[in-house]
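Structures incoming, each one as structure tokens.
Across the two complexes that follow, subunit A remains constant while its partner is subunit B and subsequently subunit C.
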Partner chain A sequence: MEVLSLLADGFATSLSPLNLMIVLLGVTAGLFIGAMPGLGSVNGVAIVLPLTFIVPPSSAIILLAAIYYGAMYGGAVSSVLLGIPGASTAVATTFDGRPMAQKGEAGLALIAAATASFIGGTVSVVLFTLFAVPLADLALAFGPAEEFALVLLAFTTFVGLGGDDVLKTIIMICLGLVLSTVGLDLISGQPRLIFGDLPGFYAGISFLVLAIGVYGVGEVLHTIETSKSAPQVTPAKLTFSELAAGLKAMNRLWKTMSIGSFLGFFVGMLPAAGATPASLMAYGIARSTSKEPETFGKGNIEGVAAPETANNAASTGSLLPMLTLGIPGSPTTALLLGGMVMWGLMPGPMLFIEQPDFVWGLISSLYTANFAAVAINLALIPLFVWALRMPFTVLCALVLILCIVGGFAPSQKMHDVWLIAAFGFGGYLLRKADYPLAPLVLALVLGPLMEKSFRQTLIAEQGNVFAFVERPLSATFICIALLFFILPLLKHLRKVLRKDVSAPAE
Partner chain B sequence: MIHKSIRGGIVGAAVTALFTLGSTSLASAEDWAPQKPIEMVIMAGQGGGADRLARLFQSIIQKENLASMPVLPVNKGGGSGAEALRYLSDNSGDDHKIMATLNSYYTTPLRNDIGVDIEEFTPIARMALDTFVLWVNADSDIQTMDDWVAAVKEAGGTWKMGGTGTGQEDSLVTAMLQDTFDIEITYVPFKGGGEVAKNLVGGHIDSTVNNPSEQMGFFQAGKSRPIAAFTPERLGAFPDVPTARELGHDIVYWMQRSFVGPKDMPAEAVAYYTEVFRQLSETEEWKTYTADKALMADFLTGDELQAYFLEEREKHAEILAAMEDEAS
Partner chain C sequence: MLVADRVIALGIIALSAYFMWYAIALPIGWNGEAGGPGGGAFPFWLSLVMALCAVGILIRSFREQRLLDPFFDRETMRSVVAVAVALVVTIALISYVGAYVAIVLFLLWYLKIFGQHGWVLTGLLTVATPIFLFFFFEVTLKILLPKGITEPYFIPLYAAFF
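Take a look at the complex of A and B:
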């Protein structure tokens, strides 16, 4: 097969001593950058980008891809240990990763995250290798209507689940949607909800600020209150036998992980979507197909594996439109794209034909980066877990510092730090009143995407609402979305009916 | 204080540490030299065309050792660049801050009162003028400007023109087209030029006025077709594509890519930065990039640049006023 021989050539590049060293270096750096709340792959790639001139372009992109990959693995670390998602892609990981850590299973959660990331990453690299070029056309077929349908689907995988108080879930989604409209409106160019004329609100409310506020600060406040005497976080130990047991536990999750891998790859491939909706959808699907959905959110290992598989698969998937269409799917891939332009490479449909050495070198380095990342990550887990043994009083202060620094670093505005404080306090109150926080964060991430694509479609179709169901792709998504919404209702109905049927028989 | 020390501590320290190994200072003719990293404020968010170009400048400066201190790009894209403009006007006299501009440099203060007068800023250098071209999908039957106008007229207002946000460059060019040909167009705003280009090729919109750099990849793959260029002369990259002016329609529009400093930037510092950018404009990388992307490298500095800015601001005020008349 032609693909395989090209890939073999690629490996000849990526397995050179220099490039192997670069991969190890990049993955380790990325791992730590990703593990810091507030610092993500964007920052890592941005800092290193100008340095890449000292090595040949193929090595340079390998370094950047390794950082990108490492950060994806690292994002789970702060989600699990501190309950603060390091990046939007790791939000879903906190839902079950954090409760696991509180039960003293931080080590197991991290093992699950690392192996799931590895599976997701590997499956999607294989898909990438085999189908990169034909799949580019699918990405092109995605217009605003399809985008809207996909985001709607992501929402319903969450709402239709039941479990939590449905009314409270909907209230939180609405609140998140309101927050997501703050800032400059794309369509009209007018500022909205800027609280008088506070310049800080012009840029909108960033996801990171909300997540750090409600999860980081809110959690710290909550923990201080509930654990006046005993620390809530059980220090976890990690031994080799536990590692083996952890890997064994992962064995049972192959279904969740294969769904996560494919879902992540395809959603990540769509230029507008990316890894965040992919990981949230994977979590939602894992929960709704689970036999015991009520254990989700309370420390179910499946709830860690699902989003982690999907977000790594999606990060590979989002390289696809960047390479084949020249359209970045995320800020990080935008920087990678910028890097390629600097090295005189023209991303786009011709890249695979004109620069096969570069493309296949990059693809093969994704394989090596994946292996390096999982190995380094597993080796470092004891170190990460050890950090949790800190006295609670120290850990609390440390988390608060990380929250402030993490909120300030990306935008460098004090405005965001104040917002974090406000969201932290608000999040604490909401938590006390038993409101679910995940839908709030989800709505803020997906809201702008949904509103934008909805209005674009309506403008383009002269206000015709049926445009969404007239196109085959978007119609399919909307049907699945409806199904997700109705499914819990049907389940409930069936339960009631069964009772009726079984009652007279007794 | 917290503000300063954290930034210095985190980003500054990391980047300075990374770069000191490469910065064997350049012996410049001027006596002034930066004492700490230079902040390059970008009027747009990460990943867009403006951001990519600013980071290209940064990397060339770094690679060619044009400045004795590292350059730190900082994105302040909020409110179509209002955030960056305010930031610069709040830092009068600072000689370690420069800003990469685009056309929102004029339009943002014109559209909203943000308390900024660009006349007060210190012009440093204009690096290039980005060009605009009318594009259609390669599957379309449209070959000429006349075909295009006829097709738009036939669509009766449902013709979908994709572009960047309302009030930004693409929408201004579209307004000029509507005005010149007396046609009605449905303008669909997207988040960035790359997304616009993709939606044209995917068949979700009917035409665009993308910068050549945004469509180049698709053009080379034979997926999109340039119809006319909004430049005074034909573009080197598309010698067969006529200009609108040739066809008898006087539509010329540029996107300027320049650098300015805050109000009252010391003259020695201005001279230093001007020299950095003059050297940059002569590098091989920059020449290759401008040729590849059909960018007009048109270096301009000092008072001439200021005169250019003011003239452009006047022009944009007129276009915006005409757009508002139409909307009301």
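Take a look at the complex of A and C:
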């Protein structure tokens, strides 16, 4: 087994004292960020990214991945204790987690969430390890035509599966792509879209500036709006007898948890889907296959286990296309991708060949992060209860300061700080009007790759547009992309047709 | 909500037009010799798609007449605008009086006036935050935050830590 020896080498990297400390630190920070209502993994990674200059690049990515991981665990905490999802990914956890807390079983619900997250995380990390090498090998055959087709496919999943308004989704994708072209033209080197002749635009718009603006400042404004009164924290205490009872209860839920893990992993790989829909689907399946579906929503432990396995599995699943293909599976992994590019680690199949130490170090750190997260999560529950009492006005003030300073630090230009404020206000308004933000961030990160691969292909093929469908792999991707693109049209058509048929009968 | 939808759609159309105006500085058509589109093509045509979608939203909003909740209620509007203004003022101040003064003023306003917290909490955070920022960014990362007119006061600190 070649994979096992690679993984063993990886552990040699990830178990070094520095990286081990970083994993523990990242997971703890992630747990708190995830537990704070309003702040999820994507906000955590966006705000913390500029602070990671303090460690070497490979450790910085491990730190961010650990935060991502911890935040997935942490999301359940506020779902249970406050009844407010700590992040959108933990919405489904409130359905049964909150009723359990109200029945006085908050501790049990938290144990269930942590164990389920651990199972989901472990299963998906194993799947990740198995799929990573074959997928990276497949991706080695990719030329620019395939790259373009794959990016196109990633965007069309938002149109076909995103569930948001189609027109608004397309607008956000285009806006992200146009913003990504600001700066110097990749092929000719000429400056373009230098708004107001400001020198700051020559360097382009960094993904970090958009992410801090939208997920930092925009999120704070959104939180100010949605949280006018301080929430009520349900006390939770944890005893060893409760822990034993919880583990015993979880032991009966293997079927639910394995469905949740596999479902989460594969749904998580799709850019438009990710952890939130995966957890909702897992919840739905658990309820419909249950012998007593009427107990769901009233505090059934299975209703906590199902979404929590799925959302953790999905977060690992979305790392897979990011690392092997260079196409992120979620907004958070898009930020990780941006961070890696910033540090000169270009994700994609070549990374597996050129930087095996880093890749396998990162993968093995997911195993360590998983163990660390479940232990720290259970140990720190009293601390979470205390931290959740922190007033929003304190949290928001500190996040805004971090946004300003963190936005300034990488480029050391006030220009970027102003852009962050502008993106924050714009993102807040767009989000309020139901424009999806994930495609915007993904488009800005993938924009340069998309344009470069498109134009490279055409230059290499002397302007032959059919070059994209002449190669089997890229033709397949383009076909699936087209299918996703017309999916909403078909849905609409069916609705119209059905209305026509049923109208005379009424 | 309906009005806000239209205003935002119009805003997007204006933004697209602005982008297109800048994009035509480079060739937007097919680049005959080199093969493939010119440098301005990508932003130009994507902005056009964006504008067309916004027009679609605009048309749709006139076809369906439904009254939904107002986009802003008065109280939300006040607190969101207050924070937004405070943020803009803070960023503007950073260039003149430096990050440390601006951040302290921002925290004082946010915690004491906006958040109505006690002096103990406000004082603790307004003192601790700049100290943390100084040690994290300037001492550890060697990233100098803007100081503006307060630059001379930091020279003894630089001497002590560098």
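To be clear about the criterion, the second predicted complex is superposed on the first by the 276 of 506 C-alpha atoms of A that agree within 3 Å, B and C clash if a C-alpha of one lies under 4 Å from a C-alpha of the other, contacts with A are read in each partner's own complex, and residues count from 1 in each chain.
One rule holds in what follows: contacts are C-beta pairs under 8 Å (C-beta built on N, C-alpha and C of every residue); 3 or more make two chains touch, one makes a residue touch a chain.
Everything numeric here is computed off the predicted structure, so don't read it as measured data.
J.: Based on the superposed arrangement, let me know which partner A:L51 touches: subunit B (first), subunit C (second), both, or neither?
T.: both
J.: Quick check for you: in the superposed arrangement, does A:L140 touch first (subunit B), second (subunit C), both or neither?
T.: In the superposition, A:L140 contacts subunit B only.
J.: So, does A:G338 touch the first partner subunit B, the second partner subunit C, both, or neither?
T.: first
J.: Just to be sure I read the superposition right, which of the two partners does A:L398 touch: subunit B = first, subunit C = second, or both, or neither?
T.: The second partner, subunit C, only.
J.: Scan A:L193 for contacts with subunit B and subunit C and give back first, second, both or neither.
T.: A:L193 contacts subunit C only, not subunit B.
J.: Applying the touch criterion given at the start, work out whether A:L175 contacts subunit B, subunit C, both or neither, answering first, second, both or neither.
T.: In the superposition, A:L175 contacts subunit C only.
J.: State whether A:L430 touches subunit B only (first), subunit C only (second), both chains, or neither.
T.: second
J.: Report for A:I459: first if it touches subunit B alone, second if subunit C alone, otherwise both or neither.
T.: A:I459 sits against subunit B and subunit C alike.
J.: May I ask you to decide whether A:M414 touches subunit B, subunit C, both, or neither, giving the answer as first, second, both or neither?
T.: both
J.: On subunit A, which stretch or stretches are contacted by subunit B in one complex as well as by subunit C in the other?
T.: Comparing the two interfaces on subunit A, one with subunit B and one with subunit C, the shared residues are 51, 53, 187-188, 405, 408-409, 412, 414, 459-460, 462.
J.: Residue numbers of subunit B touching subunit A in their complex, please.
T.: 2-3, 6-7, 10-11, 14-15, 18-19, 22, 46-48, 51-52, 55-56, 58-59, 62-63, 73-74, 77-80, 82-83, 86, 111-112, 114, 157-158, 160, 165-168, 186-191, 194-195, 197-199, 201-205, 216-218, 220-221, 223, 285, 288-289, 292
J.: Residues of subunit C touching subunit A in their complex?
T.: 1, 4-5, 8, 12, 15, 18-19, 22-23, 25-26, 30-32, 34-40, 42-43, 46-47, 49-50, 53-54, 56-57, 60, 71, 75-76, 79-80, 83-84, 87-88, 90-91, 94-95, 99, 103, 106-107, 110-111, 114-117, 121, 125, 129, 133, 136-137, 140-141, 143-146
J.: Okay, in this complex, where on subunit A does subunit C touch?
T.: It comes out as residues 51, 53-54, 167-168, 170-171, 174-175, 177-178, 181, 185, 187-188, 190, 192-195, 217, 220-221, 224-225, 228, 391, 393-394, 396-398, 400-401, 404-405, 408-409, 412, 414, 417-418, 421, 424-425, 428-430, 432-433, 435, 451, 454-455, 457-464.
J.: Under the touch definition given earlier, write down the residues of subunit A that touch subunit B in their complex.
T.: 42, 46-51, 53, 139-145, 183-184, 186-189, 191, 199-200, 202-204, 271-272, 321, 325-328, 331, 334-335, 337-338, 341-342, 344, 346-351, 405, 408-409, 412, 414, 452, 456, 459-460, 462
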